[in-house]
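Labels for the chains are A, B, C, D and E, by order of writing; each one numbers its residues from 1.
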Amino acid sequence: MRRRVIKRFHPPGTTPGTLTPPVEGAAGPSRLSLFTYSPERLSEPPVAALSQVTALIPAGEQAWLRIVGHETSVLGELVSRFGVHPLVIEDVANVGQRPKVEQFDRYLFIVVDVLRFGTNGALGEQQVSLLLFENLLITVEEHESDLFKLVVERLRAQGGRMRQLAVDYLAYALVDAAVDYYFPTLEQIGEQIDVVEDVLLDKPDRRSFEELHRIKRDLLRIRKATWPLREAVGALVRTDSELLREGTKVWLRDVYDHTVQVIDIVETFREMTQELADLYLSSVSNRMNEVMKVLTVIATIFMPLTFIVGIYGMNFQHMPELAWVWGYPLVWVVMLLVAGGMVWMFRRRGWL
Amino acid sequence: MRRRVIKRFHPPGTTPGTLTPPVEGAAGPSRLSLFTYSPERLSEPPVAALSQVTALIPAGEQAWLRIVGHETSVLGELVSRFGVHPLVIEDVANVGQRPKVEQFDRYLFIVVDVLRFGTNGALGEQQVSLLLFENLLITVEEHESDLFKLVVERLRAQGGRMRQLAVDYLAYALVDAAVDYYFPTLEQIGEQIDVVEDVLLDKPDRRSFEELHRIKRDLLRIRKATWPLREAVGALVRTDSELLREGTKVWLRDVYDHTVQVIDIVETFREMTQELADLYLSSVSNRMNEVMKVLTVIATIFMPLTFIVGIYGMNFQHMPELAWVWGYPLVWVVMLLVAGGMVWMFRRRGWL
Amino acid sequence: MRRRVIKRFHPPGTTPGTLTPPVEGAAGPSRLSLFTYSPERLSEPPVAALSQVTALIPAGEQAWLRIVGHETSVLGELVSRFGVHPLVIEDVANVGQRPKVEQFDRYLFIVVDVLRFGTNGALGEQQVSLLLFENLLITVEEHESDLFKLVVERLRAQGGRMRQLAVDYLAYALVDAAVDYYFPTLEQIGEQIDVVEDVLLDKPDRRSFEELHRIKRDLLRIRKATWPLREAVGALVRTDSELLREGTKVWLRDVYDHTVQVIDIVETFREMTQELADLYLSSVSNRMNEVMKVLTVIATIFMPLTFIVGIYGMNFQHMPELAWVWGYPLVWVVMLLVAGGMVWMFRRRGWL
Amino acid sequence: MRRRVIKRFHPPGTTPGTLTPPVEGAAGPSRLSLFTYSPERLSEPPVAALSQVTALIPAGEQAWLRIVGHETSVLGELVSRFGVHPLVIEDVANVGQRPKVEQFDRYLFIVVDVLRFGTNGALGEQQVSLLLFENLLITVEEHESDLFKLVVERLRAQGGRMRQLAVDYLAYALVDAAVDYYFPTLEQIGEQIDVVEDVLLDKPDRRSFEELHRIKRDLLRIRKATWPLREAVGALVRTDSELLREGTKVWLRDVYDHTVQVIDIVETFREMTQELADLYLSSVSNRMNEVMKVLTVIATIFMPLTFIVGIYGMNFQHMPELAWVWGYPLVWVVMLLVAGGMVWMFRRRGWL
Amino acid sequence: MRRRVIKRFHPPGTTPGTLTPPVEGAAGPSRLSLFTYSPERLSEPPVAALSQVTALIPAGEQAWLRIVGHETSVLGELVSRFGVHPLVIEDVANVGQRPKVEQFDRYLFIVVDVLRFGTNGALGEQQVSLLLFENLLITVEEHESDLFKLVVERLRAQGGRMRQLAVDYLAYALVDAAVDYYFPTLEQIGEQIDVVEDVLLDKPDRRSFEELHRIKRDLLRIRKATWPLREAVGALVRTDSELLREGTKVWLRDVYDHTVQVIDIVETFREMTQELADLYLSSVSNRMNEVMKVLTVIATIFMPLTFIVGIYGMNFQHMPELAWVWGYPLVWVVMLLVAGGMVWMFRRRGWL
């Protein structure tokens, strides 16, 4: 997790815009794919290198260049071929950025963060960077995934809204999908919270508390990602950039609404988990109370009795009681009275 | 409850505006009813399908179309027949939205959330969506209920203010009623808090603490609903939409006041419950203290005595005390002194 | 207290402005008194009904109509005779409002809340509503009290500032008095906190903690009343209404200052009480520690000793020690060594 | 301390501007001293009554009238002789005000609060009020002190900056000194925190916790004084009053910086003390754990042993073991095995 | 650490701008170094005194004067030779300032704070002050270090961006490096948190908790430094000073981004450590529970048994059981039943 709380960084003082990855082997090879489309047609020409891209886009068509993987040379070429600022490329490469929107003359730079539970049950994170040009959208993902499968399907479908509109709508659709991934993630967390609550109300144990600790950590990560996400999407809605058509903004307002809802849920869950932690601690105290009561009841009943039988275990030569015929039964009577008195007192105090 | 903390959602990447309910069977059939009224007359023509509505409204009259239930085809027709934006209909259908107000060219979209205790003692939630057109108000409720019974009665009453005014006043009356439902709900919670407090001050037990936990959860839900509600009503008051007449805004300011009061009460109750939780925890500690004191007093008195009687239970052949005539009485004197000293010490420490 | 945390309310959906009290018997009869004054003279004509008021006010004089009690018919007449908005009268009648200021064309509506300790030691609340017209001030109090005794005396006094100025200064004086009642109330709470602190530092007991709980509740109520009070007085200072002369605003700024000070004190007291609660909890833990140490010391000393004497209480036929002449004294030596070693260890650990 | 958390106040409803002190004997006699100065000369004419002051100031010179003590008649004369508003004088007399700045036509009214540790180790508070006129500065202190000794020395020194400039620079110098007193105060608190931390990390005891409680209270008082102080100095910096020359504002910005630093330190200290309180509570729990472990180890080892020796202390006539020659040694072996097994188990659990 | 929470200060009332260090020996000798550069050439002429500097800078070249150490006479000369305001120099000398930016006519004054873990594992702090003139940058560091080694290397490198641009870019590079030092520092803290978490989840001990306490203190210090840092860098970005070229601001926005990320991380870490502290406390309670259960189980099993064997250790002459042949075996049966019953009960309660 540490990798993701702190973004990747170079030694302080390094030239800004340096692309060589600070962690050895962090940048595998990139896979490029290109979609060019107009309302009537869509083509997905194979593309091996960034240098081919411009030539592959027919005039008047929209194009989506999808880069998966952070190969240094590929990202570097974005600077020279598309005029992207070196600091932007540094942010693309050094994952762990806050979600943000930056407006440049010829393009918008958007960073969003997707958090999903992986098949191993751990919360996985993927940074998605978008560069929105006039008729070209470049996206950079960290690694292969099914994140945008549905969006690609919608793009391939004849006659859908997506093909009618320009790449800014496509960018919206990708951001929308990225934000919407928080809902199933939070639903899973909600289910986990419910399970933990049931256990804590029924039979609190240490494992549930550690589970709660893990849930809180996950919520902390989601929170760290979603507050700036709201800011970023809000900035998109308010931006006066001509790269975003007015019609697209209606849709973005809906995404903004979703980010606000996500934050609401995260905060509600955080309060719930805090509440459950308090419940657990009170349970522990309660059980301790129970244990102590049992100990006290037992000790308080048997200590006086043991003392009494100890008395008549003494070997004094002059102990008149020992010779009485009714001595032994009398001791039993006394002991039963003592024990009964104790039990009566405990009952009155509600300890039994 | 989970259903309501997170709104209904489709798989990320789905086309926005998709109406098919994401949860199988979530959308039962809808029941439609129509009220058309002018100061002089009110009629409630039976209406079977949305397609009939426009024809049923006499010219120059106000109309209220009330839809109960989220039938997909009915909601879908709102888009084609009344020009409602698909995203709006998606928000109507996917319950669990934050209360909000959205302003469109021809209509205002208002979502409010009503939380009431049901007959089973659980907090039930119902989302009410309002679409306010020039002379037509469309409302969508989740299911049949008596929510707006009093409002309907006022509408049917001859000569009341409601018939004199246009549908925006009717919309106000519905929002006002929805907000006012929080008062009895909070009064019930206030009573529950009082009951729990009485128990915790008198004789704290685990059940009350779990009841407190439940109350806190309910407050969390109400809080999640009311903060955005205030925002939404505030937006209504400040809106420059011509669909809301200036006269209606005076009334809406009163509703805004109510939302602020509701939030005040919720926050006060949250502090009270937190305070009661602290009280409970301190009670548990106190009782533990009591239990431990009893144990300690008993053990501290009887352990030395048991030791003393043990001494004279030893079988050494050469123990001069055993032969003394006054040995036994002397041991009793010693033991009474020890026990008395202990009791005196405990009294001085205030443990008895 | 519940009555005051939640304002009085009607069933949701009731026509706004309904005056019949929602709680049976909540509205007793009202007592009216009228003061008309100019710099030179003051008269207090008896007044039996609202209908007489206008005729009783000499032209060019200032008038203060004081209504004590919420008689429905009297309050209702305020609408018809003085043109007060029905929602305003509803707020006057349904006590438990947030302090607020509302500006209408012909009058200002001001609600303030006074919290004082009653003779029974409980915190009593009274809502005071002011309607400030051009030359007429109408005030509505909940019940008879000595709240404004000093203000009335100043009004009756010949030559004071109050008679020279118009009713807006009188309104200021009433609001000022209402706000100033928080100082003695808070002073009493401060004294209570000091008493509790002394007890908690000296000899913490459960009763003090419950007293602290009560103080916290009182502070919560005062807080709930004073934050909106600050807002309301601030609104008065900033208002551009011509009903408040510029000269009066200098005085109102002073009242605003007082509300800020009250809030400062309330927040400081809240922190203090929280701090004392922590102190109490740590005291409980500490005393538990003390108790446990005593128990442990006693048990750790006497258990080994009891074991030793138990050994020589066994009845084996072949126990050589029993026959030794020095057996018994030797056992004493061993036991003294064991006990001494334990005491030495406890001393080193600082448990004694 | 109570006196200072709540400002002095009159009964609610008293005429504003009343000067008679609400607490009997709160106003001793005032001592007046006057400094008149120009770049070339400084004179300190003796002054017995306010009425002499105006005559004592040479034309074209700056003057500082220093009043120490709150004699009612002296303060009252400020109204008649210098045209000070009665509410201002009330604020001067009723100490316990929030630091503030109020701008009047002919003068600025500044209240600051100095908190210093007295020789008795308690935190003392003194309110300093400044009335800044065109060429006259009037200051009112509560009682004699060495607060402004260094400033007076600088004023007396020939050729210093202070004599060159007008009274607004002198006012700055006084406010600067008042603010700077927080640094040594906070340094002392920092040292106290360090001492407490060392004790709590090394050998936590109750006294340190009570010391921590006292530190927290002191911090609360300082906090209550410094937040409004920042506001007040900020208002001075931003004021457009001509009484403050532009050149003086550069210096005031430095004072503002200091108030911000003071608040930073106070907040940091508050977090530190909270942190230390948590540390203490965890220490108490830990020590309790230690105590309990000792008790449990001892009890768990000796209870079975005592039971075993008890068995062979029984007096049954038919107990074959008692007659065995090796019976007694065998019991020892069993007891050593039991004790050893317990010790081994405790070691494995890490309790020894 | 205390030195750094509170800035160095003089006695209250001292003339502002006093440079003599308030702490004896706090100001060692200063070392000066000078870099003059243009795109084509860089020279580093030796410089012994401030008086030589101006002469050493070739016309039209950029110059960086680096002062290491706070020698009073050197700092004082900055006032006379470069027209720096005395308050600025006071802030340079009295380390422990909040990071800030102050804009003067001829220069910008920037204070930043670097926090790094030293070789001794303790968090070291260094204040770096920058004075940015038109073509001259003066920096003052507290002591020799490798802070800006990489920046110096970049400056020395032929053809890099730094030589092309003016000193404002150099100032940016230094601030950027200073800010970037927080990333490795926080990464180390993140690793420490992970270590502590692993220990606390596995086998909580007191030492880890004290380690956590230390981490929290470090975070508190970093927090105290970074919030104002963000403000300061934000002010740099928004400033309209001509000393910062528009091109440089793009880079500064990147630094601002970094400060926001640093604060995000610090806040996340603070929540994590708080969470871990709760986890520790719950662990302590849990272990106490375990210990108590062992004690209770042992006591509850052996106390009744010891009582039973005590009975038959009594010496009454008339105890029929003692004479029974099956008496002894019967007692064993009873005792086994009692012990078995206890074990069964504990198992059912889940205490074993």
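Please note the rule applied: contacts are C-beta pairs under 8 Å (C-beta built on N, C-alpha and C of every residue); 3 or more make two chains touch, one makes a residue touch a chain.
Since the structure is predicted, the reported quantities are computational estimates derived from the model, not experimental observations.
S.K.: State which chains count as neighbours of chain C and simultaneously of chain D.
M.R.: Both chain C and chain D are touched by no common chain, going by the contact rule given at the top.
S.K.: What's the minimum number of touch steps needed to get from chain A to chain E?
M.R.: 1
S.K.: Would you kindly state whether over half or under half of the residue numbers at the chain B/chain C interface are used by both copies, giving same or different?
M.R.: different
S.K.: If you average the CA atoms of chain A and of chain D, how far apart do the two points sit, in angstrom?
M.R.: About 42 Å, centre to centre.
S.K.: If you average the Cα atoms of chain A and of chain B to get two centres, how far apart are those centres in Å?
M.R.: 26
S.K.: If a residue has to touch 2 or more other chains to count, which residues of chain D qualify?
M.R.: Residues 281, 285, 288, 292, 295, 299, 303, 306, 310, 313-315, 319 of chain D touch two or more partner chains.
S.K.: Can you tell me which positions in chain A touch chain B when the two form their complex?
M.R.: Chain A reaches chain B through residues 148-151, 153-154, 160-161, 173, 176-181, 183-184, 186-187, 190-191, 194, 201, 250-251, 254, 257, 260-261, 264-265, 268-269, 271-272, 275, 278-279, 281-282, 285-286, 288-289, 292-293, 295-296, 299-300, 303-304, 306-307, 310-311, 313-319, 350-351.
S.K.: Mind pulling up the chain D residues that touch chain C in the complex?
M.R.: For this pair, the touching residues of chain D are 2, 5-7, 9-16, 85, 87, 97-98, 100, 203, 206, 209-210, 213, 216-217, 220, 224, 228, 277, 280-281, 284-285, 287-288, 291-292, 294-295, 298-299, 302-303, 305-306, 309-310, 312-315, 319, 321-325, 327-328, 331.
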